[in-house]
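The data blocks that follow each hold one structure.
In the two assemblies presented below, chain A is common to both, partnered first by chain B and then by chain C.
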Partner chain A sequence: MSDARQILETAPGDEADVEHEFGGGVMGYTVGLGLAALLTATAFVLPALNLVWPPSLPIALGVLAIAQMGVHVVFFLHVTTGPDNVNNVLALAFGALIVFLIIGGSVWIMHAMNANMMNPAMHM
Partner chain B sequence: MLGKLTWDAIPFDQPIPLAAGAVVALAVLAVLIYITVKGWVPYLWREWITSVDHKRIGVMYVALAILMLMRGFIDAVMMRTQQAVAFRSNGYLPPEHFNQIFSAHGTIMIFFGAMPFMIGLMNFVVPLQLGVRDVAFPTLNSVSFWLTASGALLVNLSLVVGEFSRTGWLPFPPLSEMTYSPGVGVDYYCWALQISGVGTVLTGVNFVTTILKIRAPGMTYMRMPIFCWTALAANLLIVAAFPVLTATLAMLLLDRYLGFHFFTNTGGGNMMMFMNLIWAWGHPEVYILILPAFGVFSCVVPTFSGKPVFGYRSMVMATMAICLIAFMVWLHHFFTMGAGGDVNAIFGTMSAIIAVPTGVKIFNWLFTMYGGRVRFTVPMIWSVAFMITFTVGGLTGVLLAVPPADFMLHNSMFLVAHFHNVIVGGTVFGALAGMTYWFPKAFGFRLHEGWGRWSAYFTIAGFYVVFMPLYVVGLEGMTRRLQHYDVGAWRPWMMVSVFGVLLALVGIVLEIVTIYVSIRDRESLRDEVGDPWDGRTLEWSTASPPPEYNFAVLPHVDHEEYYWRIKQAAARSETLPEEPHYVDIEMPRNSATGFVAAFFATVMGFALIWHIWWMVGVAFVGAYATFVAFAWRDHEEHVIPAETVARNDHARRAARAKALKAYSPR
Partner chain C sequence: MSATAAAHAASHSVARMPSHTGPANKRIVTGYGFWIFLLSDFVIFASLFAAFAVLVHNTNGGPGPHELFDLKSVAVETGALLLSTYACGLASIAAHRRSAIGFYLAMLVTAIFGAVFLGLEINEFYGFIDKGAGPQRSGFLSAFFTLVGCHGLHVSLGMLWLFTMIAQVFAKGFRDDIQRRILCFSLFWHALDIIWVGIFTAVYLYGVYL
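Moving on, here comes the complex of A and B:
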């Protein structure tokens, strides 16, 4: 079977091997799992052990959460900066934009409404 | 044992739903007996029900949509006649029944009429236009369809078993909460939409993947027909917006089933959050409905004007701009809720801005027609009617986007007239244009031109006569969903409107006649060549109906309007392109997964609605077992031998060669 035929005549849904990409294969998943577990464990250990200044804890947890998302995106969703990854990066950007619009919009709308519709007696 | 389900659920005391239900049940039974006696069951099972072929699934989607559009139209007839007679009287529909009718009308028309129609057209057309053999996940596609059908079945079941929601097409709390809607109506609504919603999201995933990942060699983004672009935009919107609907309805269900307080007025709930979330889905939804219709017109207008679409790049830009801005306008559905001047101003401005890319498209279609040799076939009649009607609807929409004006017109008949003006004038006209346009590709013969023309004229006239009076009564202060009224000034307009329903009914009957006559006279309407309209996109390069594998050899697209170019070249040189080398083709095997999973989903939905918990468990295990059985199958594809492919393609080439002699190149 020639190469050209392999590309053209596979059934829809079939795809080429993706072992070579960054974060692919068993090794990639293992590293990802390790990192994800580490970040999760840190999020539980930090507040328990009093290692950091307590008021900064929420920010530290936020940083860990964002790092966790990054690990998932790279190692499990395989969104990298490789040349064949434009679709994935665009999809991620689109998703992030929509999440931002809906959450940001909702917070703004509900906040404005609560401010406007509050019972006047409660402002006192 | 049977939860809340008792004999009281059957409305023995209400003659209208009972009689309607009995007629439908008898009709379904008659059809089932007929196809069993005729011995068609094995054929239907093998070739349609278990089919994973995108073309078959597309046709089934459209068939479901047509059925549901008719059901929704019956509701519309009842509403219009009720309002025509309910002047200083109670009319013939009691309030609780009238409320169910307008709720069912909206729900069915949007979710089970317009949506399946558009998804059906995308299913049929997108892989053909991309020059590929099927969608990315063929079995998933079948699952999507059957889950949609499952939702439609549940909604229609509510006609005879229990009741339907009385809250309108969106279940606004607190009315939809247990306190005010203790019956099963809202549960029917929610579970039907949750089930069909899963199907819709899967469709979105499937088509985004197909369009981004599976295209014919050389089919770069900027060579895709506009319909593929609008399908991509619509499916991106589905993927982004439908999870919001699912989450919102899930929260409402938690309120209703487990005593949560997301949207109640007690316990810290906030029903305004429901408005906010449901419209964060609801506004993208209207663009999910209209974008594929824009794509249809972008195929029909160039074909029948004999010119490439004007301003291809601006068309693509406009499509993607709509896709993004669709997520920035949702507050205009509740300007009056009290978010204040700042918020209203921003969302009002965005709502006016989204009209700009739409306007770009209208001008592009007009300029496509300008200077072209326009053929006024039935799809073209629908397209021209769309351009006029949709512009009127769009302008009233821009008017409603101005918050002060919206405060006067919110929830008035003016609003009702506006959104019917864009949904009927846009989506429904687009659906009918698309159906007429691609019918020969799907079945190998055209729809009868004369009957189709009269059907279009009557439907279009009916639309105007129904909805223009509603603008007037809206401006005179009539609110929507009135079971009866006593303002004399509205009465004459309601009588005009009900006459329009009659015209539209004639249009629909004529459409059925068109289909009947076309099937009867199919030999004289036969499309031998596979290109009955002198088309420009790849779907017209294959036979009508296309073989299972669509293309004997995948096209190598090396230009925009690739098919048009090779057709002109062939016509000039009076020879077909060289015969390709045929090879074996692997196609996915049919699978009952979709049908069986949807069967269990229907049972589960029904059991959840009536609180029959053991049945929920059984159905869930059944659905999961179906998935496991599918995941463990090891024989996934079947091979179509090169000899068969060659034989089919030789027949196609022979017909083309014959047609070439009569064809004059442009």
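Moving on, here comes the complex of A and C:
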């Protein structure tokens, strides 16, 4: 088996690839930990210090959370762009679509319904 | 790609040569199958997140997020789970290197931080119920306990799985099938931390600041 072929067919953590370090090694996980800790700390400190314009806070926190999820997926779950990861990426894209439809759809529909019912308890 | 595969097929016997489009390595197939399970779990959590987002203002005159949530405790919980995930990553590296001592140590650290997380969460739940803010108090609290409790249940089951993996490595060593189970466990544990990122943002930070 040629080297090029072996590289093409193996992913981080593959059984056949014993001489490679797993998932980027300790360094990979440490970089992931550092980035995740930074994003978490920012999410907790940002609203407490009134650093951002208050109405933009939900967007800022949402962006930080999605960025941290991305860090986890790349550095801890090792979803890569490699050829043997195409199925994983496609499944993730489908899962993200369903999650977006469920959360976004529910919030949108219930918000519109509450607005139309003019329920005095709901100032949304 | 097909030209290289054809050249390889010509130079080797077809039966021995795994075709590029043929069955993938077992580890990849197992990881893919478990990834599908995890994504279905994410969809379950998405429904719970949606229910929480819809019900968060329905406090029925009871305590709301501002009165209940203690962000300091949540920050410690978050740190504990993050360190637990990191230790779990080190455990999979140790398993890959077939270092039993390293694996046991990293798994123990994973378990300790997991236990810290669970302890703080149980303490928080107990405090809420003590104040009369149990799941039956309001729609907001029902949604809160269902969402965060479901995550806590996942962590508890993960702890059970964690000690099972320690026992299996102790009894059977780093066999290929055990390695695949360790891979699935680490995927599960990392996925729980991803869900927690959603919880501390959408439940606690949004709840207190918005």
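Everything that follows uses one rule, which is that the second predicted complex is superposed on the first by the 77 of 124 C-alpha atoms of A that agree within 3 Å, B and C clash if a C-alpha of one lies under 4 Å from a C-alpha of the other, contacts with A are read in each partner's own complex, and residues count from 1 in each chain.
FYI, a residue touches a chain if its C-beta (ideal position, glycine included) is under 8 Å from a C-beta of that chain, and two chains touch if they have at least 3 such contacts.
Since the structure is predicted, the reported quantities are computational estimates derived from the model, not experimental observations.
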item: Touched partner set for A:H72, first chain B, second chain C, both or neither; value: second
item: Touched partner set for A:L33, first chain B, second chain C, both or neither; value: second
item: Which of chain B and chain C A:S106 touches, first, second, both or neither; value: both
item: Partner touching more residues of chain A, whether chain B or chain C; value: C
item: Partner chain in contact with A:G95 - chain B first, chain C second, else both or neither; value: both
item: Contacts of A:A115 with chain B and chain C, given as first, second, both or neither; value: first
item: Intersection of the chain A residues that touch chain B with those that touch chain C; value: 5, 8-11, 13, 15, 87, 91, 94-95, 98, 102, 105-106, 110
item: Touching residues on chain B, where the partner in the complex is chain A; value: 127, 132-138, 208, 210, 212-214, 217, 236, 240, 244, 270, 272-273, 276-277, 280, 324, 327-328, 330-331, 337-340, 342-343, 554, 583-588, 636-637
item: Touching residues (chain side chain A, partner chain C) in the complex; value: 2, 4-5, 8-11, 13-16, 21-23, 25-26, 29-30, 32-33, 36-37, 40, 43-44, 47-48, 57-58, 61-62, 64-65, 68-69, 72-73, 76-77, 84, 87-88, 91-92, 94-95, 98-99, 102-103, 105-107, 110, 121-124
item: Complex contacts: residues of chain A adjacent to chain B; value: 5, 7-13, 15, 87, 91, 94-95, 97-98, 101-102, 105-106, 108-110, 112-113, 115-117
item: Residue ranges of chain C in contact with chain A within the complex; value: 4, 8, 20, 24-28, 31-32, 35-36, 39-40, 42-43, 46-47, 49-51, 53-54, 57-58, 71, 75, 78-79, 82-83, 85-86, 89-90, 92-93, 96-97, 176, 179, 183, 187, 190-191, 193-194, 197-198, 200-202, 205-206, 208-210
